[in-house]
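So, here's a batch of structures to check.
Next come two complexes built around chain A: one with chain B, the other with chain C.
So, the complex of A and B:
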């Protein structure tokens, strides 16, 4: 009889106990994958960022707009292929609670600068033609049930309309994203339309542009062009900070402050809890099996046999539970992404997370099996047969 | 015979198998520690924000704005508020206790060099100090001189943010400001930088103010005021008391933390219950002989059931106490977390209070109890003869 079969039989000898421990491991490894994926998903946008785009925003504040006249000046700087404007709108749908990101932008330049934005040609043309048109991500369309042709009314917060009415945008297209740096829960509409309304006095709020996205000409690095842009505005009126897209995205993650650390602490606590659980099971199992271990020994099996048996059993239990936990983490990706909405638009469990989870399972399995294994190896055969009732 | 098994029985059983009991208690302890950790953060934040605001201070924003950052009030309108609103109280010299303040969250580097955070800078008027009264005090240095390029910073800002110690120079857009003092406030203003509104607005090239804040005359009907000003021709406003305003700035982070805490606890709780069930099943298994004897001397099934449930509850209780001990050191620990409503970093302390500890112990006992149901039920269903023979 092979050793692994014996280990399996031992685990199977108390099906209820083994099942409960497997269940606990499943839950814990799922939680670990979940918590780690929140952190990695936040970073995913950073890693997938394009290297041929840089972003110019205010150096002073996230909430400070830049004068729109900057656009022409930036276009004239060497190494700049195209510039497009993005203005954060901050509107709410129906009530203050329904919040998602909306930007006023330059549709044609946007689509040329962002090849990862996938939109059928007919929808592209329709959007460019319709001044009040907007495109929305597939995620938004799913969440609110919007279709092409629908009108989306938005309540202005930064830009409330003077007459108190809602802003209205027509859905011209529903885009998908080819890369995690572009989420599918944003709405883009015509910057020009918004600026026109502001100019005519139809809405309160600051005119200007939140950020300029600059596409680099071939042969220029982000660094040199960024330096040139920032140097141009170093004396004001509004200082700029130009960053690579990756650094810009990373800035948002760093604003979350200690949240990733906090989640890391929670993850550790979860793993410690599961370690206790498995140690518990193995200790109970070992106590009940003193006698059978004594028999094994008296049959002449060397010390390493009970050691291996316990390690195999506990690692097996944790790996089985962990495997189920990983499967669960994998299957819940879509619902969780929908639940996170705007906050973590690209929730995704990475391969690294699975590998780490598997390694942790093995480590916990060994740690939990080690104590009873050590005890078993120290037992004397005669004594253990006598003691184990 | 309807007798209960003496209380000492489950207690002693627990001690006899203390290792297994301790491990499952520790599992429960970690669960409630996670719950308490998350809720201590949430409560610390919410209580901090709620205690911050005064009910006698009114905040006027532009209609539609959900926070100061989104609001904008022209100087002409600020003057109108200050000079014409009848609900605004006056000081002993007859000057209105009202101020138009500018507000912007600045990108500033952290003192420890890791990353940048959004720190609110507030341009205030003389009246602002009078409005906030004794909730605000200087801990070091002096107030800024009106009209000078000087700022004062909240206590946590002076240690957490670069160039914010007393005597440092902080560049706002292109204008250097000298840090001349450090202040403390009982609430949210302690995470801010304050300066003369004219100088701050000038440096930021933002002529528009973000809010008007004022002390109200005693007995002002806020609800009525809110309704009146919502559709006012001259001064359409969103009216909130200061307390209401701060509370409205907590819902996103508070919501996120509540969901996170409940989610983690339910999932971890399942694991803890499974662990407790394991321990109790083993306890029942090892004591079959005893159970048989108890049954044959006349204790009924319900008595056995209760004895084992009590044992499980004791495991939960120990876990709850251990969990509470794990989180207790968090109480009062200062942390900076981004307020998801304003994107700014707010510094406050974790709050572990008796009600939270009560919840922790309660949840722990519940987890132990749930974990004990199946084993206790099994034990109570054993036939005396079988149990004695098999044990």
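So, the complex of A and C:
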């Protein structure tokens, strides 16, 4: 016999009501973790961005290509260590719905500029050798079941082939990413192969490059080199806009507009709803227990005991539900990341989110238990027994 | 002459209802000796329950003093009152007042949480109390699974588990049939005669008062001579 046993028994006295409240807390805390993780995952990509890379795109729009001749010119600008080309391919796999990101790129420079791209040496060499070769992220491999040596046929949308056939790429490697700024759901292939097909008239579509990724030489800041590049092209033929990788990533996030704010509001609303729910449960429970609390007092228990019982019960309920919600958030990370695909490729729940969720549970538990606890502490024993009868 | 354990000295208690004062106890003087089994009788509203509440410190008098074991209960702080209650008095109410979610044994063990006893001692003591009231075989039952008489005996077991000096019973047999009532009353009489408990029992039942060692009649807040009543 102990007070916590009494608190547990009281919560268990109405198993259905308690379970429903626990369930509501589970859903609410799961939603909180989920919504917050969307925001933190988007931010993580921005925060993990490399500070020694800048990205040059068209000043007009990201969808406007730049002339490939820019590559040599940019390489000659002071502070530039290397330049690599990226062209957005926009292909579909088998049908319209199967969309993921594909880029034509310069394999050797890419791998040298992106140390966070992890690929076994043998696969690296194989990719460099095979002009129709491609590498895919582990996420894509998992999603579509692709293995090394497989051929991936892609339907060109920006680059439809003249004969109506599919583009075909061979999987030479499956990469992993060491940092959240690089996702694992992208396919990279040889820019030169694509350009060759275009040159030979095998495909429609614009020649050129979507963006140039510039690696800075030691001792140069992103700002000065960006300014130098954009100044070089200020007179045309096409003006450029050069940004740090972080700003570029943030630009993608800001394309989502107020979404993060909106998600934050949604998360708060969910928490307020569950607070009301638990307060409601505790108020009903407290009304039923006026008599039990009076009994405790008549037995000589001091006022703080009913207070403690209510607080134990309500925090217990919320923590149990919240714990399950956190567990759910933890277990659904992989499926959700797969479901988000290209949109939030690094979706995961951070330590901070769990800590916040736990603190919120305790706060809600206390807030919900406080009112009945306060009432109970003010009830006179004689009165509560009389009222309870 | 035995030691006086409870003494009401010129106690007045009134309740205000819609601006009007309702005098429940009117300059009441009364005392109870150690080991007595006192029956308090009187019409409804005559202040019987109020007297019990005052003895246990659940309520305070407007004037006068309520001495229990040499302490003026009406002058204790809230915390001192709690510990006084825990140490000296125990209640048995008409409506059995068991905590419905706890088993008989747990209900009996509940007030023992207030003592420094170990878990094993608490268990020992509550089982012994259940033994005294003859319910050893029902200790794992919840109140709902017990008859009214059994519930009341569990409440008595809980009251005596603490080994209090004073047992306050408010119509303990009010909700019971004759047989169960007699069992409970016999038990109370035995607690007073065998274990020396001082018992104050409120009752409407003349037969119940026959188990008591003395009967006090109350009317309109004063003790009346039973011979004229």
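By definition in this document, the second predicted complex is superposed on the first by the 365 of 389 C-alpha atoms of A that agree within 3 Å, B and C clash if a C-alpha of one lies under 4 Å from a C-alpha of the other, contacts with A are read in each partner's own complex, and residues count from 1 in each chain.
Quick note on the criterion: a residue touches a chain if its C-beta (ideal position, glycine included) is under 8 Å from a C-beta of that chain, and two chains touch if they have at least 3 such contacts.
Here the structure is a predicted model, which means the values were calculated and not measured.
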| item | value |
| --- | --- |
| Which superposed partner A:12 touches (first chain B, second chain C, both, neither) | second |
| Touched partner set for A:3, first chain B, second chain C, both or neither | second |
| Chain B versus chain C as contact partner of A:118, first or second or both or neither | neither |
| Touched partner set for A:21, first chain B, second chain C, both or neither | first |
| First (chain B), second (chain C), both or neither touched by A:300 | second |
| Dominant contact partner of chain A by residue count, chain C or chain B | B |
| Which of chain B and chain C A:359 touches, first, second, both or neither | neither |
| First (chain B), second (chain C), both or neither touched by A:259 | first |
| Residues of chain B touching chain A in the complex | 19-20, 23-24, 26-27, 30-31, 33-34, 37-38, 41, 62-66, 69-70, 72, 104-107, 114-118, 172-174, 204-206, 208, 256, 264, 267-268, 270-272, 274-275, 277-279, 281-282, 285-286, 335-338, 343, 345 |
| Contact footprint of chain A on chain C as seen in their complex | 53, 56, 58-59, 78-79, 82-87, 90-91, 93, 95, 97-102, 105-106, 109-114, 119, 122-123, 126, 158, 162 |
| Residues on chain A engaged by chain B in the complex (per definition of touch) | 16-17, 20-21, 23-24, 27-28, 30-31, 58-64, 90, 92, 96, 155-158, 160, 164, 204-206, 235-239, 241, 251, 254-259, 262, 265-266, 269-270, 272-274, 276-277, 279-281, 283-284, 287-288, 343 |
| Residue numbers on chain A that touch chain C, as the complex places them | 1-3, 5-6, 9-10, 12-13, 291-292, 295-303, 380-382, 385, 389 |
